[in-house]
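Look for chain A in each of the two complexes below; its partner is chain B in the first and chain C in the second.
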Partner chain A sequence: MLCTMIYEGKQRIWSEYQKDIPDDRWYYVRSCIRQNFFPASEKMFTEITRNVLGKDIYETPHHTTCGGIAYHCDTIPQETAMTIVARQFALMTEAGYENYCPSCITSFGNYVEILETWREYPELEARIREDLWKACRREFNKPRYLAHSSDLIYRWRNEIAAKATHKLVNGRTGEPLRIVEHIGCHYAKMFPSKGVGGAEYPYVLAGMIESWGGQVVDYPERRHCCGYGFRQYHVKANRGYSMSNTYKKFESMEPFHPDAIITNCPGCPYFLDRWQYVIAEQTGKTYGENGFGIPVLTYEELAGLVLGYDPWDLGLQLHQVAVEPLLDKMGVEYDPSAKYLGLNREDIMRPELPGSIKCF
Partner chain B sequence: MKGNIVIIGGGIAGMEAAKSLISLGYSPIVVESSTKLGGHVASWYKLFPDMSSAKNLVSRLESEIKGATVLCGTKVISLNRLADGYSLKLSNGSVVNASALLIATGFTLFDAKKKEEYGYGVYDRVITNSDLEAWFSEKKDARVPDEPESVGFVHCVGSRDLKACNAQCSKVCCATAIKQAIEIKERFPYAKVYCFYMDLRLFGKKYEDFYINAQRDYGVQFIRGRVSEVGETLDGRLQIKAEDTLSGKPLKVQLDLLVLMSGIVRNQSIGELSAMAGLETDSDGFLRSIDNEYAVIESNRPGIFYAGACTGPKTVPETVAEARSAALAIHSYLETL
Partner chain C sequence: MKNLFEELNRDYRFKEGFHNCINCGTCTAVCPAAEFYKYDPRKIVDTVQTRDDAQIEALLKSETIWYCGECMSCVTRCPRKNRPGLVVMALRDLSIRLGYFTESEKGRQMLPLTHIMTDNILKYGYCIHPKSFRWEDHKESGPVWKWHTEHLEKSLERQGANYMGEGPGILRKIPQESLDELKAIFDVTGGTQRIRIVEEYSRKKAAEMGQSIQEYERNAFENSSDIHFNE
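Take a look at the complex of A and B:
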């Protein structure tokens, strides 16, 4: 851990915020936006959990959005979101699963909030059950366990470490790579007891970094929003707030010279990645070494690198910030000429490279 | 047994009551669970608003209760009702019968680690009011830098905070923060000192003067707003975020030391004592007086009286006044037996 902080103090807090995460049989639901932003992340989750770790991860194409974005943008009432969620639970029940795993942090927060609301107001749950029956003749059991997909990778982090072909270690210096962990706001800020490690010092990503050989960067603006914030970005007039949030975070982490950032939210990696280009265009400033940005990865992408997957199969060519400096530090082999070849090895075309931030 | 009085708690409430009972001709027994007398005051440096020495007060009281039997390092193991009093079994193996009991168990400071956002126990330069008093006395705490450029005080840590399960005001923290801010300025005149508060509750005699002095004579800056989070910079300083609610602006300050004004919560022994003696507790967890206006020192059990912070947060003058009052009430009670 960088800084002078008392590591045992964090460990004490982490020990108070542990949650039960069953080892197998999960019903997995994808995010509305992650496949557009970082297309291989969810694919890599199912690949690693099913084929590398041998877990039973079930998903169905019949699931929909959870309604979380519309709920947080105040465009639908919570009862509507609840009925959508009730249908998701019905699909899980029909498939014979009890453990529910959303890929999206906002969904996870949405599910937690709804389950807690039903616990407080059982009459509301009864009404939603009735509404669901009237709408589509479905019934549901509530999940026995609810965990975000990053909770599952956290649960299996040591198994992944045992199979690792690369560690989060700088091959040139032998030093642990300095990794910023950014947690989606809806993971534990609303219900600290539902997140691994709580809200103030979440351990879910820090645990992965430690297990895979890296060093966690704790910088002053660690808790700050990435800048997505639905009402910041989705309301066009507010996009300046989105940028200023991201800028604040990078200014704060800059003195710690992070080698990479990992996140567990759909929006965070996108905005921390893309806004680095916009900041460079606006201010001329870059935060990585030698004119590069700081690579921003999802935890699935990082797990994929640790397990030796080809970076281009992980979709890392679709990042704005060049990931090659991180790959070089980790000693990951890659073919630069294959960067813009699709899965069928056809050319997917090269993007126009910006002059303000170094890219390949 | 008539005339036997046991005082449970050897802080300033118990000591002052013992002193008063001695002057009335009794020989009370003081049972104190820790190894020394004086309670929290014994570990405090100076008292507000006169900046008098806390240790001198405790020493004076110790010399004035020579006529009492003092049992330090001793706890009450069990307590039984007798026809004409109470029988107490103590942790030293002895059994004591008493016609009257005075409960003066004081309070516990809120565990600042529970307010995780302030980073006590995580960040090196975050300390509590109690830690700072110890540093004032002994100058031994590596967390306090040699020449701090800026120091912050956070009021109401674990007080008036439903999330911390303590809705009550701790009463003494505002004045303590001002006292400690002045003491910091006296030692480090060039340091910037900030107090982050919700409301300043300065009700006691000369407390308002104290507040004005802190601003006018020492330049302490008072910011009405709560600290939302604490982080650490690369050089080990603290970055805190707060809101100045009077100007309506968020603010960010870098500090060399952050002092958390841990509030007053009930002493853990209250639960055990109330169960043993059938004493009622209030919604705030403290012991319930039979009347909060007129009979604060009286319990729902005959022959059991209260003094000091066992019934709620109290200042030193209030505690001393209650202790004297309780001594007289015990005397009157024993006269009726």
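Take a look at the complex of A and C:
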């Protein structure tokens, strides 16, 4: 009874935080971190949206970083960050688009913050327009719609479910897989109305999990930061901060025995994956079954598995935590000997295996 | 210069982020930094709302303002619509402009951070780039990343990247004319001046500490004393 009331309460909260996400014609900008750490996720985003769903997703080689990470490392002034973003908007305007889709959550938060600041202080927007003209001789329209790439996959989650070859179901027991959803802090913590479901109960990833047959895991530290902290990771001396926060999350989710974690932020999957390796190295502790870790996937990687793509085409070999336990539960077929091969099965050697956390 | 509170109040983040604080401590309760460091965002906002220049100057020279991870978890929860994370960003900005950042160990990290971020942006057009993300500086990235970086081009090719290639795609080479535009934006908006300020104050501090600028930068990047942490 209590569970039903809580669920109905969440449904009410979610209904207050819905955003308009147009069905087509998006101007796509890439993520600095994702291109480095999970490059195949962006490949899968364009593959699914363009080739599976038939959407118009446009990209120009001239777009650059939005500067968001540098801004949150306090290394560039706000005016510089805003003018870089203004240039991105100018490129969108010149390409004839008005729906803007960043792949990065830091970027998404950066864009929302800038648009809201300009709305509040029009004189600042006017100054940035002058700066952009002086620097680049460009002008821009603001996007009519702004959505993160996870918003788009959420928008099309049921179309993906309709084409699914695999469900988020344990093939051996028939039970839904227990999935932790981790939302990047800058998705909605600053501006809750700009995220699907708001900041306390974001529905953007939960909606995908439910649509694809899984069960969302609720746990005490669900909304806690992964620990990226910008300068708290990029400066070597600070990385204990980053790992400690990941540790706190894993200690909190451990009793709920998650089968996997999905994230919509660039840094989070990297930290939740790599700090599991470091925690195992330092303490011997692992959080998955039988000495494995808990696989951490991007939403595109999970969508790719649901749609039947080869796990190594999805880039899952770049994870330090083995993904094979999840593949086995979902009944995904894969060739273990192909995991670390290059293009056209070229031999490019194999990584060493860590000693403290099971890996293939 | 006007007084420090007035100077902070010129920053749009401060205008948006600072209102009267009731000292409830909700921001501190949810703060990831407060569990790890001797850090209390409530005290920061409370200090600022004294409008006392001596106290604000001490804050600008302190370790405290550098502990925040800018996750903005505090923003969601403050019952009075304060945004302590934005207040911290404004404090850091002022600390840098006044050269106060070199007075703290964590503040001195501005030199390596500025070089990492702005070099990547101006050279490559990215905040993070494979050419500067060295495995030796990131051993936590694991043996899989060591392998990846040792076979970078082949591994990225397998991942579907267009590494340093022409046209669109993952990790493409950003065209030179676009990099030139980024440089022009830095010049026009104070980004280039910011780099110079950080370098000049850091050089001065390195000399005062009897270190070469290279030693100073490496120390700031790698070393941490024990003074920062909670018991």
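Just so we're on the same page, the second predicted complex is superposed on the first by the 355 of 360 C-alpha atoms of A that agree within 3 Å, B and C clash if a C-alpha of one lies under 4 Å from a C-alpha of the other, contacts with A are read in each partner's own complex, and residues count from 1 in each chain.
Definition applied: a residue touches a chain if its C-beta (ideal position, glycine included) is under 8 Å from a C-beta of that chain, and two chains touch if they have at least 3 such contacts.
Predicted, not measured: the structure shown is a model, and the values here were computed from it.
With both structures placed on the common chain, the touch criterion links A:Arg350 to chain C but leaves chain B unconnected. In the superposition on chain A, contact of A:Ala338 is made with neither chain B nor chain C. By the touch criterion defined above, A:Arg222 lies against chain B but remains apart from chain C after alignment on the C-alpha atoms of chain A. When the two structures are aligned on the shared chain, A:Cys136 is found in touch with chain C, with no touch to chain B. Between chain B and chain C, the partner in contact with more residues of chain A is C.
Once chain A of one complex is fitted onto chain A of the other, the partner contacts of A:Ala95 are absent, as it touches neither chain B nor chain C. When the two structures are aligned on the shared chain, A:Ile33 is found in touch with chain C, with no touch to chain B. When the two structures are aligned on the shared chain, A:Phe230 is found in touch with chain C, with no touch to chain B. Applying the stated contact rule after C-alpha superposition, one finds that A:Tyr201 touches chain B and leaves chain C untouched.
In the superposed model, A:Ala126 lies in contact with neither chain B nor chain C. Residue overlap on chain A between its contacts with chain B in one complex and with chain C in the other: 199-200, 223. Note for the complex: chain C touches chain A at residues 11-13, 15-16, 32-33, 35-37, 66, 68-73, 75-76, 83, 89, 92-93, 96, 106, 109-110, 112-114, 116-118, 120-121, 125-130, 133, 137, 140-148, 150-151, 154-161, 166-172, 174-175, 177-179, 181-182, 184-191, 194, 198, 220-224, 229.
Across the complex, chain A is touched by residues 113, 116-117, 119, 121-124, 229, 231-234, 236, 239 of chain B. The touching residues of chain A, when paired with chain C in their complex, are 30, 32-33, 35-36, 39-40, 42-43, 59-65, 67-70, 72-80, 82-84, 87, 109, 117, 120-121, 124, 131-132, 134-136, 185-186, 188-190, 192, 199-200, 223-225, 227-232, 234-241, 243-245, 248, 270, 274-275, 277-278, 312-313, 315, 317-320, 340-343, 346, 348-354.
Of all residues in chain A, those touching chain B in their complex are 2-6, 9-10, 12-13, 198-201, 218-223, 255-256.
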